[in-house]
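Take a look at the structures listed below.
Both of the next two complexes hold subunit A, though its partner changes from subunit B to subunit C.
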Partner chain A sequence: MMGFTWAQMNAWRKKTVLGLTLLVAAAPLAACGSNAANNGNTAEAQGASGETSAPAAVEITNVSYDPTRELYDAYNKLFQAHWKEKSGQDVGIIQSHGGSGKQARSVLEGNEADVVTLALEQDVAELEKGGLIEPGWVGEFDKQSSPYTSTIVFLVRKGNPKGIKDWDDIVKNGVEIITPNPKTSGGARWNFLAAWAYAQAHDGADEAKSTEFIKSLYNNVTVLDTGARGATTTFVENNQGDVLLAWENEAFLSIKEHPDDYEIVTPSISILAQPSVAVVDEIAKKRGTEKVSTEYLQYLYSDEAQKLAGENYYRPSNPDILAQFSDTFNLDLKLVTIDDDFGGWEAATEKFFADGAIFDQIYRK
Partner chain B sequence: MNLANPAETANRVQEKPRDPGKAAKYTLIGLGVAFILIMLVLPLITVCVYALKQGWDVFSQAITDPYAIKALRLTLLATVVAVVCNTFFGLFASWAISKFHFRGKQFLTTLIDIPFAISPIIAGLVFILVFGRIGWAYDFLQTYDIKVVFAVPGIILATIFVTFPFVARELIPLMQAQGNDEEEAAALMGAKWWTIYRKVTLPHIKWGLLYGVILCTARALGEFGAVSVVSGHLRGKTNTLPLHIEILFNEFQLTAAFAVSSILVVTAIIILILRNIVEFKGRKEEGEHVR
Partner chain C sequence: MGQAKWVSSRHSRKKNRVIPGFGLSMGITISMLSLIVLIPLLSIFVVLSGVGPADFWKAISDPQAIAAYRVSLICALAAALVNALFGTILAWILVRYRFPGRRILDGLIELPFALPTAVAGIALTTLYSDNGWIGKLLAGIGIKVAYTPIGITIALIFIGIPFVVRAIQPVLEKLDGQYEEAATMLGASGWQTFRRVVFPEIRPALLTGFGLAFARGLGEYGSVIFIAGNIPYETQIVPLIIMSKLEQFNYGAATSIALIMIVFSFLTLFAINFIQSRLNHAAKGAE
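After this line comes the complex of A and B, so read on.
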């Protein structure tokens, strides 16, 4: 009798309970939805008013790669002052940093960047392929949309205990190399290509010998991080390895942080690393931020910004300002370029970094 | 209530370990203490030491930095929403599962456990594949101008997802052990379901519930993996406190990173103390009940 009553109660209550359970499970979704809708609306309202009258403030998002944190920290302040003077508008700049390839991926997946300032032309080209950026962006700004350049150098421990002077020293037995993974990191691809350029110059452009050289180099790699900053942290903070293949700017930064612990070794040959900048057309159009986004990248070429780049250890693309930093940078270093020596990124990627290409072949073994 | 099975009791007596000898005893204790020191105490001390390494000024600057405060706010928001949602869900789910019989009950129980079993990165990627620009829900969301991933809702969703089972999982075994007798009695006396729930069910599970809520809060505060995937790392917008710590660490700002970490560590310790109080009170009350 008791069981019967309970069962009876069960019959008409369990539906209520099940319903409530589902309702509660669905509630957060609904809540988030409306929340998002509100956010969206405010953004839209801002965007819309941006086109009619000049609103007091505008906000852009700059999705960048790992080692540019300090540069854009400084540059954003410079640009905010410049834009305020030019248009009377306050501009807020939201920064995001990470491995270049990873960052491009996140923009492709919906991380709404007004501008991207990435390590590789290729990563920006991915966004073009995804329809976010209109073709022809390489020519949109000066110097193939590379306002500042860098190169690859060696960072070694103070006193250079392993006597590393050039690329052939780091492939020797017992030298531990730290470099990020070329599959995920832009900087790592420049590392790879710089080593290849050296090998080609010394092996009489013999591909098999160069491949062998690169293979012995990656045999010495003890930690393969996903991004340049991760690799630097591994070398500098966690004290792993004998030599870090690093962006020149990143190497200088490490020296600035730990002047007594490290020194920079410039190899005989390296590569001119040309990071790319572009306005993400789809997003900028949607938000009505095209003007400020374009100016944001254009102003990187101004004398002030070029100096700032030099102070943050990037090589200014303006030769006059680069010359002012001849004390900092080794300007005699022979620099190969991706276009002249590798036939552009597309060819280089296909040859070296695509699935099953040279990097995969040497790393698998 | 079910009595202990006599055969089982006999087994337990037989299984009682032989005296392992003093040397073994102290080695084991020593190993245990060393393990706790190395794995738990040392990291905690390291965090505190590093946090205050460059003095109080650097410490207070790091934790009052606008980005840190925004990150803290976002973390708190995500935690509060996640805890509230999961508490409600946990209450209803455990009630449904332990007090009623229905088809698909086993399936529902399994579903609740998914976030425990799945790696957070997969959870994050799933959200991106559904709500992201190349996900199938993107066009629909775009027409209503709703942004889920790489925005605050995505972070909240990811946090809810990974903390989903905590309250329900805490309550289900408890409520199953208690059985339905008292509820049945109340129903016989004519109590409505809400009265039964409020006056009979809830008082029995309140300590278990609190315990679940506390665990859920702790997990939500520290969530890193899934949130990292859906965040996009936009500073001041979608950076939670754990993500902010990673950024500071990568910016060579070790002291600041540990200073902000210390906020999380202190909250964790407070939560652990609360947890112990709750556990203690719960056990005490339970003991009185049995007596």
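After this line comes the complex of A and C, so read on.
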């Protein structure tokens, strides 16, 4: 006789039921628990050295956004030398890049970042809301924790066939604009706000008129990509559109890669894009990396690091160093700021990007 | 005596089933199913329990979301219909004809499964954009593919085709040629033979393939996102709306819309099962 007896079958069945009960009971725990395995998009260890617990070496993770890849590549080497000299310790830096909002979410959901260097103050503020960063982080470092800035410029095809000079040229009929969706791309919110600032300055701060202006601008948008890198690909590789609203540093990188195909047009007004940096207090405390993490961000303000930022097409926040790059950047450009002209990110989000707010309204038929 | 013993042993064997390990395999199956399917689905309800009915309604009835349901449903449906037609032809060719390169073609069918969807999306966009190889030709006759609903449909056709082909192929392979011979000898034309003899045999498989391709199309994100223009009310698909809610840290609204997608998919699969059982019933009644 082969097979199981009924008693055996019943025992199995009981075990099965028990197992299932445990599983279902564990479900809420699993849902709430941190998923540390969900670790960033493109993490790469740099100069990983020894065990993290060894006092001679320490390791930190910097979760950043897409276009800072080249900058931090260079900066990490600079900082490793600086930290070695200062404390005698080797520091390994794990770098992670992706869309700013997505990166913030990954930290919120358990990606253990000691420091974050993101595109938007708001994304860092989400980490504060999540209890990972202590309130008051904006004042922790100079210049509202923005060691380098950028702005929004136009990237046009060589020779500027559509004669684009300023914002009012791109809303004309027949001009095709490529820009990412401000609802899915944090960076694209700067584009929107820069255009809004121009409209406000030219129609006597009339909101209805500015909304019309923005509406005609987005009517000319033929592809609304989900992220800044996607928009660049659409414009550069797939040859769509006449003008790309781009971060200045991204625009410079495109020019560097294809010097014969594109040129940069600086509008009369743009916005000071201030990427935010912060130590993720809870995680740094837990991992005992507070000191090195703080120094990592503090050192971004040093002359060497500021120069490095300039070389990577970010505007250094130190005015003296910025002046050294006057050949590269158009320093006459009038720049509005999120705090002075829009009342901070929270107010701007509420007014422009929340569900049903101005951005949604301009698409409503 | 011997016969009685045989009967009793047969009887008990039946009780215990011929293949051992039912309890164990069932346990493993349900545990795996729980871990991979049920619990993640349940977590939707966990998140939703924190969303009030008013917020839920607001999220799912948002005009942009409704426009996106329309885009997703129409494109997925169009793609599934195209796949049903061409998938059947493709399966037919692969099974019924022998030609050089058949094995390679057969292997290529699975490429959409193997290729990362983002790669597929970027490749399709490059081909079908105004200055791409195929897009240039189509633009010449005034058809814009990339960044329009047509582009979305093409991406969905690409990812859905294996479902139909692989569902129909084995049925066609097993189909006995005698029935077709008999039909021909009884005077049926080629088309009649196909419609009356072959088609009823492959219909259940076709419906399954169609349903799978459709459901997959509703949820597809990676390949579509590159080829869709993502313009609100025009080329935004539902998964993009979910992503944009997440990007705004609005987990509640994202989950609400996700639930609607699950309901759509469920209704589709349910409807297909229903149609199938009706057809089976009708077929049995006819016998």
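As a convention for this text, the second predicted complex is superposed on the first by the 309 of 365 C-alpha atoms of A that agree within 3 Å, B and C clash if a C-alpha of one lies under 4 Å from a C-alpha of the other, contacts with A are read in each partner's own complex, and residues count from 1 in each chain.
Going forward, a contact is a pair of C-beta atoms (placed from the backbone, for glycine too) under 8 Å apart; a residue touches a chain by one contact, two chains touch by 3 or more.
In this text, all values refer to a predicted model and were calculated from it rather than measured experimentally.
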item: Partner chain in contact with A:Val221 - subunit B first, subunit C second, else both or neither; value: second
item: Contacts of A:Asp66 with subunit B and subunit C, given as first, second, both or neither; value: first
item: Which of subunit B and subunit C A:Gly230 touches, first, second, both or neither; value: both
item: Contacts of A:Gly98 with subunit B and subunit C, given as first, second, both or neither; value: first
item: Partner chain(s) touched by A:Ala81 [first = subunit B, second = subunit C, both, neither]; value: neither
item: Partner chain(s) touched by A:Asn111 [first = subunit B, second = subunit C, both, neither]; value: first
item: Touching partner for A:Leu331 - first (subunit B), second (subunit C), both, neither; value: neither
item: First (subunit B), second (subunit C), both or neither touched by A:Glu257; value: first
item: Doubly contacted residues of subunit A, that is, touched by subunit B and again by subunit C; value: 2, 5-6, 9, 13, 16, 20, 24, 27-28, 31, 230, 233, 237
item: Subunit C contact footprint on subunit A (complex, rising order); value: 1-6, 8-9, 12-13, 15-16, 19-20, 23-24, 27-28, 30-31, 99, 101-102, 105, 126, 181, 183-186, 221-226, 230, 233, 237-240, 353-356, 360, 363-365
item: Interfacial residue positions of subunit A with respect to subunit B in the complex; value: 2, 5-6, 9-10, 13-14, 16-18, 20-21, 24-25, 27-29, 31-33, 35-37, 39-41, 43-44, 61, 63, 66, 69-70, 94-98, 106, 108-112, 130, 229-230, 233, 236-237, 253, 257
item: Residue ranges of subunit C touching subunit A (in the complex, touch as defined); value: 9, 12-13, 15-17, 20, 22-24, 26-27, 30-31, 34-35, 39, 42-43, 46, 58, 62-64, 122, 125-126, 129-132, 146-147, 225-226, 229-233, 240, 243-244, 246-250, 253
item: Partner subunit A, residues of subunit B touching it in the complex; value: 81, 85, 88-89, 92-93, 95-96, 100-102, 128, 131-135, 138, 141, 144-153, 156-157, 160, 180, 183-184, 187-188, 193, 232-237, 247, 249-252, 254
